[in-house]
Amino acid sequence: MGIAAAVVGLGYWGPNLARNVAANADLELVALCDSSPERLARVGRVYPAARTFSDLGELLRWRVPELLVVATPVATHHALASAALRAGSHVLLEKPLAASVREGEDLLEQADRLGLRLLVDHTFLFTPAVQEVRRQVSEGALGPLLYVDCVRIALGLFQPDVDVVWDLAPHDLSILEHVIGERPARIRAIGSSHNPRGIADMAHLHLDYADGLRAHVHVSWLSPVKIRRMILAGSRQSLIFDDLEPAEKVKLYDYGVSFDTGDLEARREVLISYRKGDMRAPALASTEALTAEMRHVVAVLRGEAEPIAPGSGGLSVLRLLDAASRSLAQAGQAVAI
Amino acid sequence: MGIAAAVVGLGYWGPNLARNVAANADLELVALCDSSPERLARVGRVYPAARTFSDLGELLRWRVPELLVVATPVATHHALASAALRAGSHVLLEKPLAASVREGEDLLEQADRLGLRLLVDHTFLFTPAVQEVRRQVSEGALGPLLYVDCVRIALGLFQPDVDVVWDLAPHDLSILEHVIGERPARIRAIGSSHNPRGIADMAHLHLDYADGLRAHVHVSWLSPVKIRRMILAGSRQSLIFDDLEPAEKVKLYDYGVSFDTGDLEARREVLISYRKGDMRAPALASTEALTAEMRHVVAVLRGEAEPIAPGSGGLSVLRLLDAASRSLAQAGQAVAI
Amino acid sequence: MGIAAAVVGLGYWGPNLARNVAANADLELVALCDSSPERLARVGRVYPAARTFSDLGELLRWRVPELLVVATPVATHHALASAALRAGSHVLLEKPLAASVREGEDLLEQADRLGLRLLVDHTFLFTPAVQEVRRQVSEGALGPLLYVDCVRIALGLFQPDVDVVWDLAPHDLSILEHVIGERPARIRAIGSSHNPRGIADMAHLHLDYADGLRAHVHVSWLSPVKIRRMILAGSRQSLIFDDLEPAEKVKLYDYGVSFDTGDLEARREVLISYRKGDMRAPALASTEALTAEMRHVVAVLRGEAEPIAPGSGGLSVLRLLDAASRSLAQAGQAVAI
Amino acid sequence: MGIAAAVVGLGYWGPNLARNVAANADLELVALCDSSPERLARVGRVYPAARTFSDLGELLRWRVPELLVVATPVATHHALASAALRAGSHVLLEKPLAASVREGEDLLEQADRLGLRLLVDHTFLFTPAVQEVRRQVSEGALGPLLYVDCVRIALGLFQPDVDVVWDLAPHDLSILEHVIGERPARIRAIGSSHNPRGIADMAHLHLDYADGLRAHVHVSWLSPVKIRRMILAGSRQSLIFDDLEPAEKVKLYDYGVSFDTGDLEARREVLISYRKGDMRAPALASTEALTAEMRHVVAVLRGEAEPIAPGSGGLSVLRLLDAASRSLAQAGQAVAI
């Protein structure tokens, strides 16, 4: 028998998680939970072997799964994950980890104390593309990074509970941390709101890292075109990760600018030379990210691997989101992390 | 005989101006001027009827052209344009207008006093694409604008005399003023420098307009890919101007989000509805911008048209560049215009 | 209870059909059948309520489903579909309908005699894009068609049982018949083989219609890039259907050429005028084709709709494939249909 | 003083040739010739040092240039080039070389007899992209070629004197010969006409080479979109040359299919394995083709280089065009070269 797993929250993303739990031979989808009877019935029909619950308490009273996957609105994360941890379940939480830094810290503390795994569903970290980006950066193919520019915009789905920063930026922030291996020292956020709820639906984040590196993240729910692109300009090579490219998602450009400063006093100008070499798109595996993520979750629960997306990573993103919100509220003032 | 015109400055852009002066039947290219004998010889060979000079003073002593076209480094604009105006020439200046707001104001004042035309070469305003964007916005096809996002990045040519903001942003700033018909109240600039000259080679400008509209302009000389794209998100429709599209540079998206706030008290949530209608790329004329610009310059000199890109427009861009430079130097503090 | 349905053949396409049968509330996936125990186990795990069989005979002895969905290699279609029809099942057959025209005719004849529905899975006909193309053509938006050009190439999966024409061309041939509403009078096929099985892995089909209209279909398993594009050049407007475009799959170009032949004798040349009007991408629904197809199959089985993709359409495609094979074997000689 | 050169024919392409003659320091543009006074005046104004003639005879009586560049309609090529050769000029002829194979042979024979150079303006051979394609193929990077597919379509300019095959196919046919280094054994052409002149405005050419290699060339004046793309599928790697890509015109795909036929008798099926490696876009020089071509023409006239595009290459293309015309007239029958 596989590891018993349950999924709570069957809105937009939950059914994908359920499908990938069901498809993994080492996991067994024993239960589904959602407060909406329609959603429960619609998803439940596809997995007749899973028992359905409208309330997590009931589910846990029936049986404590080894793994609880939580894909509910963020406001409910803390309560549901706490209940599951107390009952003895490991927890995989949809991003963002929780509604506040304090809640996130509390969840980590609980999991730690109870000796349970708290994982965050930063799905992008399991894509072959992001793994390739991380490999190139960590192996030094780009040289020292000059700057990073991320754009994630579309005619988005307004979320009921979070603004565009909390909805979309976690993807970029988790990728940045995974790829750069460093956390920014401060953040500035400039955005605007065009909806009656008054929440930001378009924003720019500016992240300053210790060594002068600067990253920019642009998110919007109001763009007529969909763009999901990350530019990492490096001193040796540069890299583009374009998630909407069907085939070549990662491209390395052997381009560079170099400055001859050997004899500055004798000359009025710095000599600049440009190099425009080949572009190369490395072959990527075609594994689906959620498939790889579930395989990894199994390995973590069996003690065979260290988490790629631990709760601490989720908390780190949460701290950035929290700082971004404060900067937004202060008209773009820099906020230290 | 056509209007006698001379071109000073035969570096990168000057030869294009010379070619378009020569090709316009109402203009007569009488002289070329450049301090480099090689450049002068190379361009002069193509226009044997034009006399060549290594010094503008000499040229003006030989003959005062009705129009002097200036395409030299910006640091020399004020001296050269002043000399030409004093001699009695109308002047068409390459952007940016001058090296400082003070210099720009002085040039405008001189031209005004002498009754001469001072024009700025904001070439983009003469492209069929920008004219279409302006038409759509001014006719209200987009509805009230929500936000504007401009990206102009490439593995750029480091300029000897200006930073990336002064080099590339004038294009976007002049288009924004032309299209929106309004000047921003304040500007913030966040950038970084990766070259020994210490000037910004990557920057983000945030422009705040009086009515809450926000525009973002991203410029870079360090991007491995070339992007020249402007998104105007509107309440009714949205528009993309992608200057690198060979055929459909302007696209209108009949997309929108609307919020039902009729009975907020009775409901916990705002009802949101999305509209994803047709996309339409209006037919554009295939006129070359410089051809149209030269035709327009002739009309202005003949008193038949009001300038589309008057010196005052160039001064307006200069004020924004100057404010952007101050913001850059103050780590992104907002600077009022 | 829904209409009882079973799926036989769980290779590449069968699991998609199973998933869509399961997701349709009016259908009930009662059984799965495949000769491979691994495939049966892998797919069966996802649908525990469905009984699994390694042999169709057994399945039919256990229970005759109202609908049998067949997604096995084409060589087995006739035997499996015949068995199902004789047992009393309606049949939905993966394309191509059968391995020969004779087999296809026999299946149609049987279904007809037994009063059962024989449907063919021409999935593309259920995509919003193809429905839009058909609407535009049938409403005359393009004017009389000038020519059609279809390209469907990729680094393809070599099929065990058919050549590239039988594998890929059914998509284009079924779309062409659906959109044009007419069958070609003759066909020529020019191809080549680069594999030890000696079957064509790259081919061009030329279809001649009665009224001079000509269509070209290029298929290949050996192309480094994936292209799925159909150009319909019309006298009034032209249309592109690019299936790989994420957002604007159908584009209408208000382009045209017109010839003034009013007074030919008096002039040496025909006056040609070009019109380059707007491009428009009509909004398309985002319905998944298989979802729509299953809904339609239910309606057909309930007698509420006439089949969009009846067996006769599948037979028509089969006749073209058969003629194409004969032309291929005769070095591209035209073969009448 | 440079080599004296004259340009006859100042329609669409002639002015580009004139500009590149004028810009080359080793050539001297001494004369321009066109039967249209308007065209002559318009182009003449740009090159005041060049004398203008409405008749080639007059021009040759005034002075015999070392090089005559001919860019007139193809029907006049033979007469004009003959006159120039007889007078003692080397000749660079716009493609296609002449209006018939016989005319082309006669021109070659004359040039040969008189010891003069007859060159054909196959501009594409001088592009960095085509040179890269040729290098990759000749160095064996692609392995033995499997097939070639060329598409050159647009809403084209109907030519007054030739059909779409004679207008557009010379580009592809000259590139194919240059790159493959071999001439096809036979050709088939299938096309159609939708204009009152009755000439083909859309056509497909199929070329069969001695060793089983097959190439396809699709040309059209009626396509709503512009495509200029060449796919060379190779056994080792494949290559795409997309002339409309602004930056990466040539892409190499390290993709392949291999077939294990080691022990066919023991197994029912051939084992197929796919390789999807990296894609690479080699850096290309940014030289303008006409600039390179003029430099090459100078080298040929000085005896420093052998022609890349000799008259014999133009004649070879002419033979293919002639055979294509005969095949078109015979409904696509194969015509031996």
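Note that the chains are named A, B, C and D in the order they appear, and that numbering of residues resets to 1 at the start of each chain.
We adopt the following convention: a contact is a pair of C-beta atoms (placed from the backbone, for glycine too) under 8 Å apart; a residue touches a chain by one contact, two chains touch by 3 or more.
Because the structure is predicted, anything quoted here is derived from the model rather than measured.
Asker: Tell me, please, which of B-C, C-D or A-D gives a repeat of the A-B interface, judged by over half of the contact pairs matching in residue number.
Answerer: That would be C-D, since it shares over half of the contact pairs of A-B.
Asker: Greatest Cα-centroid separation from chain C: which chain?
Answerer: B
Asker: Report, in whole Å, the distance between the mean C-alpha point of chain B and the mean C-alpha point of chain D.
Answerer: So the centre of chain B lies 39 Å away from the centre of chain D.
Asker: Please work out the Cα centroid separation of chain A and chain D, and write it as a whole number of Å.
Answerer: So the centroids are 52 Å from each other.
Asker: Pull out every residue in chain B that's touching 2 or more other chains.
Answerer: Within chain B, residues 225, 247, 276, 279 contact more than one other chain.
Asker: In their complex, what parts of chain C are in touch with chain D?
Answerer: For chain C paired with chain D, touching residues are 146-147, 149, 155, 158, 160, 188, 190, 192, 194-197, 202, 204, 206, 212, 214, 216, 218, 220-225, 231, 233, 235, 238-240, 251, 253, 255, 257, 259, 261, 264, 269-270, 272, 274, 276, 279, 331-332, 334.
Asker: Hey, which residues of chain C end up touching chain A in the complex?
Answerer: 22-23, 25, 45-49, 225-226, 244, 246-247
Asker: Mind listing the chain C positions that touch chain B in their complex?
Answerer: Listed in rising order, the residues are 247-248, 254, 276-283.
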